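In what comes next, subunit A is part of two complexes: it sits with subunit B in the first one and with subunit C in the second one.
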Partner chain A sequence: MQVFLQTLIGGISFGAVYALVAMGFSIVYRTMGLVNFAHGSVVMIGAYAASTFYMASRLPFPVAIVVAIVVTGLIGLIIERVLRPLEGRDFDLMLIGTIGFGTVLEALAILIWGATGHAVPSPVTAAPLDVLGIKIRTYSLLVIAVATVATVLLALFLQRTKKGAAMQAVAMDPQAATAVGIHVGRSNAMAFAIGAGLAALAGGLVGPMLYVSPVMGGSLGIKGFAAAIFGGFGSIPGAIVGGMAFGILDSVAAGAFQGYSELIVFLVFAVAVMIRPTGIFGERTVNRA
Partner chain B sequence: MKRLVVPLLAIAAWLLPYGLDPYAIHVVDVAIIFALLGIGLGLVMGVAGQINLAQVAFFGIGAYTCAILTTRAGLGFWVAAALAVLAAVAIGLVVSIPALRVQSHYLGIVTLGLALAFINWTTNAALAGKSEGISDLPVPPLFGVDLSSEYLFYYVEIVVFAIALAFALFVVRSPLGRRMRAMRDDSLAAGALGAEIPLLRITAFVLSGLYGGVAGVLYAGLIRYIAPETFSIANMFLLLAMVIIGGRQSIVGCVIGAVALSLIREVLVDFSVYAQLGYGTVVVLMVVFAPTGLAGLPVRLRARLRGRTGGDRRGPAELRPFTPYGEAPSGDPTGVVLEIRAVGMRFKGLRALDDVSLEVGAGEIRGVVGPNGSGKTTLFNIISGFYTASSGRVVLRGTDVTGAAPYRLAQLGVARTFQNLRLFGDLTVRENVLVALDRTRTSWIWRYVALPWTVVRQDRALSAQADELLDRYGLTDFAGARPQSLPYGIQRRIEIARAMAMSPRLLLLDEPAAGLNGEEVRLLGEMVRSLRDSGVTVVIIEHNMGLVMSLCDQVTVLSSGRVIADGPPAAVAVVPEVIEAYLGDSTYMSHESQDTTSRDATSQDTTSQDTTEAAR
Partner chain C sequence: MFPRKLHRTITAAAAVTALATLAACAAPGESTGGTADATGPIKIANVNAQSGQLSPLGKWENKGVKLAIDAANKAGGINGRQIQLDLFDNQGDPTVGTNLARKIASEGYIAMLGTSESAVTLAMAPILKDAKIPNITSGQSPKLAALKSPFLFLNAPTSVTYDETLAKYLVDTKGYKKIALITNNGTYGAGERDAFLASLKTRGITPLGDEVVTPDQKDFSASLTTIRQQEPEVLFIGAEEVESGLIAKQARELGLKAVFAGGAPMGTEPYLTTAGQENAEGSVVSSPYLSNDTDDASRTFAAAYQTAFGEEAEVHGAKAYDGARILVEALKQTGGEGGQKLADAIRATKLDGLLGDFAYDESGVGIHATQIGLVTSGKLVPQTAS
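The block that comes next holds the complex of A and B.
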């Protein structure tokens, strides 16, 4: 029981990171129907940027993350601008185009930071909490708290502000949104920047939990994407639930199958998608003839 | 000139090793393996439209199975190789299962996940040598030829490659390839034309598994050492870049892309990061500016040039008149063709159809009318198998077909057209018709391997039929055009021709007159009558009341998902509920309708309020 709870706590803190990654995927997807395969690489750039500013420039950790968010937000704007001609046209081409961007970002990271990667010291030095014999790292609590705050802010933005409402309108019907005077291109760019910002937040937070390296984006991105599908692609609550579910699945599999955890996780994922392609909160789309 | 290309290439391939140093021949050997992988990926992704990011895992399965069977089980190389290819094909079959449920990005992430699972297995399993991999594979024996020489291995590879390329080209140009391309362009329409979508998807993955397996075996024989990093996601993306840059829809393009990128990668081997940066950038530029890749450039350039010089020199293409079909030989067919029994359809809270029943007799032209949103197209979607009715039954000529897949219904003789036109955009008009003419089952595909010449013979027969059909519909001038480049009225006619190419018993026409001018509507009416006279039963959804009144034997009126009237046009047009459904004002209209009972012409005008004027 104790072991299980310990695994659960570990799973939830990684789940919070996956949820942030999945939300980044989802907000871009629901606003512009773009599946951003470069998202994982943006997370990696975010992790590098945050850790570099934190360690080399000696900025406080929160400031470093904010700077990283700005950096990745700009990258997001660039990706959106380049791929704009494909929006709403060819899904497969966009998918491949973003994979191309991911490759470019990974190469850039190797050029800037080298191929080896580095470890990031935890910004919280307090001793782990001991609750009923379960050790909880204080940094994990911080991660969960930050992820929660970010989610709440995002939800408030989408529901309570004019810009957020405009973004929702674009998601539902870009043409109708144009007709009522919303600048769809600008709204899409903003969605992309927010998605990339969420990626940097996830990357910055995961830095002290993992080893920061150019290839970290691959597995984080794929797992975040899988989490988004798990929860229901394009849905914000789905991204959170999917992220948590994936984090827990990941850590349970790691406990039970050690090295083979990835094999198990992706097999489970493949089966889950086959059983319920729309995920937990996904809308069932109807083929219109 | 074209006839010389193959022999010249063969001679060049034969002479090539004489001019290469040992390192260069190694590079070429590896490039050929990537070219094989590229063909496999091109077939599954470019031709069949299935996003497959597990191609590198098929490659790995082939190589690892071969390595494990030779070093651990002590099998001979070629026996192990045969089993390895079978294993890769089997894995292709397994990976195709998700494709039956999900498509596009979902399929992309599932296949990518499965590729990661495979890599995870190779780095952990003692059987696969963990991260050190497996070394000391035996040299493949070949009648005393020393295949440890990379020069001699080159000849083995080039023979295998030539066969593989020829087979891929054959498949793409055959009816099977045409069906796959149709499925890629529009899987719904392809299903409605009788293409067995699930089986086609499985076939596509099996083919990509086959090519992956063959490439893996050759890799094992060439390098004789395998390790997980060869089958990494980075290499999967490299392979993807090869296929995209070369042009995924063209097999030759995939080969060119694979060879070119392999060579460039070797040249830049000391600057691998810059190479990665380079090909990533090229992929992005390619998808934005040249989505058809290098293979598509000649066509695009030609189109650009033609645009500048002002069209080609042939006379203007024109739509010729339709040649009516002859009368059905068997005289008047009798009996009920289609029977809808109390069908209901619910989408979450919305009741789109509620207790709808109707019977269509053989040789009848049945009109289905009703205001927008009254459930007409939903009814068609149920009859043609896109939706499964929430309740009730659909009976086709006495057979219960409720819930049958679209391709099953198509095979039973149901053809349809679509409200918003669903022609295959990347196929020519002729190919669009050919897809529908091909009535063979996909399970026929064993002939592609066993009896390829019968496939060629059958294709020739189909071609002749296609020419005849295009001629009948006056479309000969547009045979080689892409549908999207043609005027709307012509596209409508192509859709009808395509549906009739299936030789259906029951034809469903969804708003065939939408967007047509008066003269075109008149011709359409004549055409539909001729189709009926040839023995086809027709159900037609139409808003053009003039057409409906003059053409249909029976009219069913739907409103809010219910049948509100059913009978001959003149009788239906005066039913108060019908007039109310169309005009909305019940008190005024019921009064008016009593007035018009005696005067048919007036009532027709009343009901045709939302239609374009039609020539009678």
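The block that comes next holds the complex of A and C.
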């Protein structure tokens, strides 16, 4: 029982990170119908930016993350601007374009920071909490709290603000949205910037839990993407539930199946997607490309 | 709508992959398969991961090799001929490795240094053997020695030696009996697990726990909590640098008090910084190269490394440096000739290296001992094993 609860805690803290990554995938997908394959690399750039500002420039950790969000937000805008001429014309080229951007970002990171990577000291030094023998990392609590706040803010933005409503409209019908005076390109740019910002938040937060290196985006990206599909691609609550479910599944499988855990996790994922292709919170709003 | 789109994406991706494969296949065929002539530079290939997950190892190894070859060239080369060192990126991928093996065979390289990954070296070995190209690898999986290829040499001991020394220290010297293992199922981790289990068995010790994780795992709560309940005195970690660090960090966070023990990765900086100095404190490390400050040779090497690359030397660079020096010594014996003659010369080379006294046996292993170091205030401090 103790093992199970401890595993659950471990799964939830990584699940929160997967959820943030999944949200970044989903916000771009629901707006543009595009899978941004560069997303994992943007997470990595976010992690590097946050950890570099935190360690080298000695900025306080939250400030470093905000700076990283701004940096990656700009990268998101650049990606969208480069791909914009293809919008509505060649969807496959756009997809391959995002893959290309991912490779470019990885190469840039090696040029700037080198291939070796670095560890990031935890900004929260308090000892783990001990609840009936279950250890809860204080830093994990912070990660979960930040992920929750980010989700609430994003949901409020999408539902309560004019810009958010415009993005929803573009997601549902770009032609109609254009007809009522919504700038589709600007709406897409915003989706990309928010997605990239979320990536930086995820990357910045995961830095002290893992090790920052040019290849860290690979597995985080794949698992975040799978989590987004699992929850219902394009759905924000889906991204949260999918991320948590994936994190917990990952940790539980690691204990039960040892070296075969990765195999089991993706097998379960494949079966789940076969049974319910739209994911847990499958939405039908996105219908483009 | 999603499946259709995905299908198109897959088709496009497959097309790109097919093109890339075509290009990769075409490359070696285009080159004129000239053999080494006796006047130009002597061509040596250095094959190491320069991109991907294992690139830190590859970069270190390349620096060590470069240092040794540059020094040899500065000293006049081989019979007045310079050594031309070319670097190839295997991306840590065995498939890329086999392509590169064919490439260096067809382009007239007479010897190969690297790779730092046992899995890649294993894949390349048969091709290099057929092409009669001697290879001094930095891999240390026991499977490499088991091949008994006359053209494959190791620049370090195998996991068997590392773990035998470790078990001897932990069990015979320190008297620990309650030991648990956590290893990954990659080539390195699996080799460590087999070797350490074998060493424990000869001492009549059954481990309390034997957890296997994947090389890419991030959360070890389940395995570590299971181990914590078994209350071991020692936790053996068999994984690469960063993963070992993550395991050590999470183990301490979960309240595990056992002493950590493992091979060379646990003496490196990525391990120490990932785990955090406090958590890494007291780790028992079995390594043939404990620090840059053990004797005059290591101090000279570390100073030259610092001057050349502006960073501190570590075990991988030292291994590769020794391997490259052995190759240079052997080339001096053959007068720059390759093939069987060079392989025989490497086998006959006796070198007092940074890692110890090299004397190759028929399985291609030249070093048969490691030392024990303890992580003390973030540095490896040698222990006398008696």
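FYI, the second predicted complex is superposed on the first by the 278 of 289 C-alpha atoms of A that agree within 3 Å, B and C clash if a C-alpha of one lies under 4 Å from a C-alpha of the other, contacts with A are read in each partner's own complex, and residues count from 1 in each chain.
Methods note: a contact is a pair of C-beta atoms (placed from the backbone, for glycine too) under 8 Å apart; a residue touches a chain by one contact, two chains touch by 3 or more.
Predicted, not measured: the structure shown is a model, and the values here were computed from it.
With the two structures aligned on subunit A, subunit B clashes with subunit C. Legend: residue contacts after superposition of the two complexes on their common chain; A:96 is shown touching both subunit B and subunit C. When the shared chain is aligned, subunit B comes close enough to touch A:85, but subunit C does not. By the document's definition of touching, of the two partners only subunit B reaches A:104; subunit C does not.
Of the two partner chains placed by superposition, only subunit B is touched by A:226; subunit C is not.
In the superposed pair of complexes, A:273 makes contact with subunit B only, with no contact to subunit C. Legend: residue contacts after superposition of the two complexes on their common chain; A:175 is shown touching neither subunit B nor subunit C.
Look at A:211: by the touch rule set out above, it reaches subunit C but stays clear of subunit B.
In the superposition on chain A, A:119 makes contact with subunit C only, not with subunit B. In summary, superposing the two complexes on chain A brings one listed stretch of subunit B into steric overlap with subunit C, and the stretch in question is 240-248; the others among 240-248, 546-554 or 600-608 show no clashing C-alpha atoms. Shared contact residues of subunit A with subunit B and subunit C: 35, 91-92, 95-96, 99, 110, 115, 218-219, 233, 259, 261-262, 277, 287, 289. On the subunit A side of its complex with subunit B, the touching residues are 35, 37, 82-83, 85-86, 90-97, 99-104, 106-108, 110-111, 115, 218-219, 222, 225-226, 229, 233, 259-263, 266-267, 269-270, 273-274, 277, 286-287, 289.
Those residues of subunit B whose C-beta lies close enough to touch subunit A in the complex are 45, 49, 51, 97-98, 101-102, 104-106, 108-110, 112-114, 116-117, 120-121, 123-124, 188, 192, 233, 237, 240-241, 244, 273-274, 276-277, 279-284, 286-288, 291, 347, 377, 380-381, 384, 386-387, 418-419, 422, 510.
Only residues 1-3, 5, 8-9, 12-13, 16, 50-53, 55-56, 58-59, 184-185, 211-214, 216-223, 225-226, 229, 242, 245-246, 250, 253-255, 270, 273-274, 276 of subunit C touch subunit A when the two sit together in their complex.
Those residues of subunit A that touch subunit C in the complex are listed here as 2-3, 6-7, 9-11, 13-14, 33, 35, 91-92, 95-96, 99, 110, 114-119, 121-122, 128, 130, 135, 137, 209-211, 213-215, 218-219, 233, 247, 250-252, 254-256, 258-259, 261-262, 277, 287-289.
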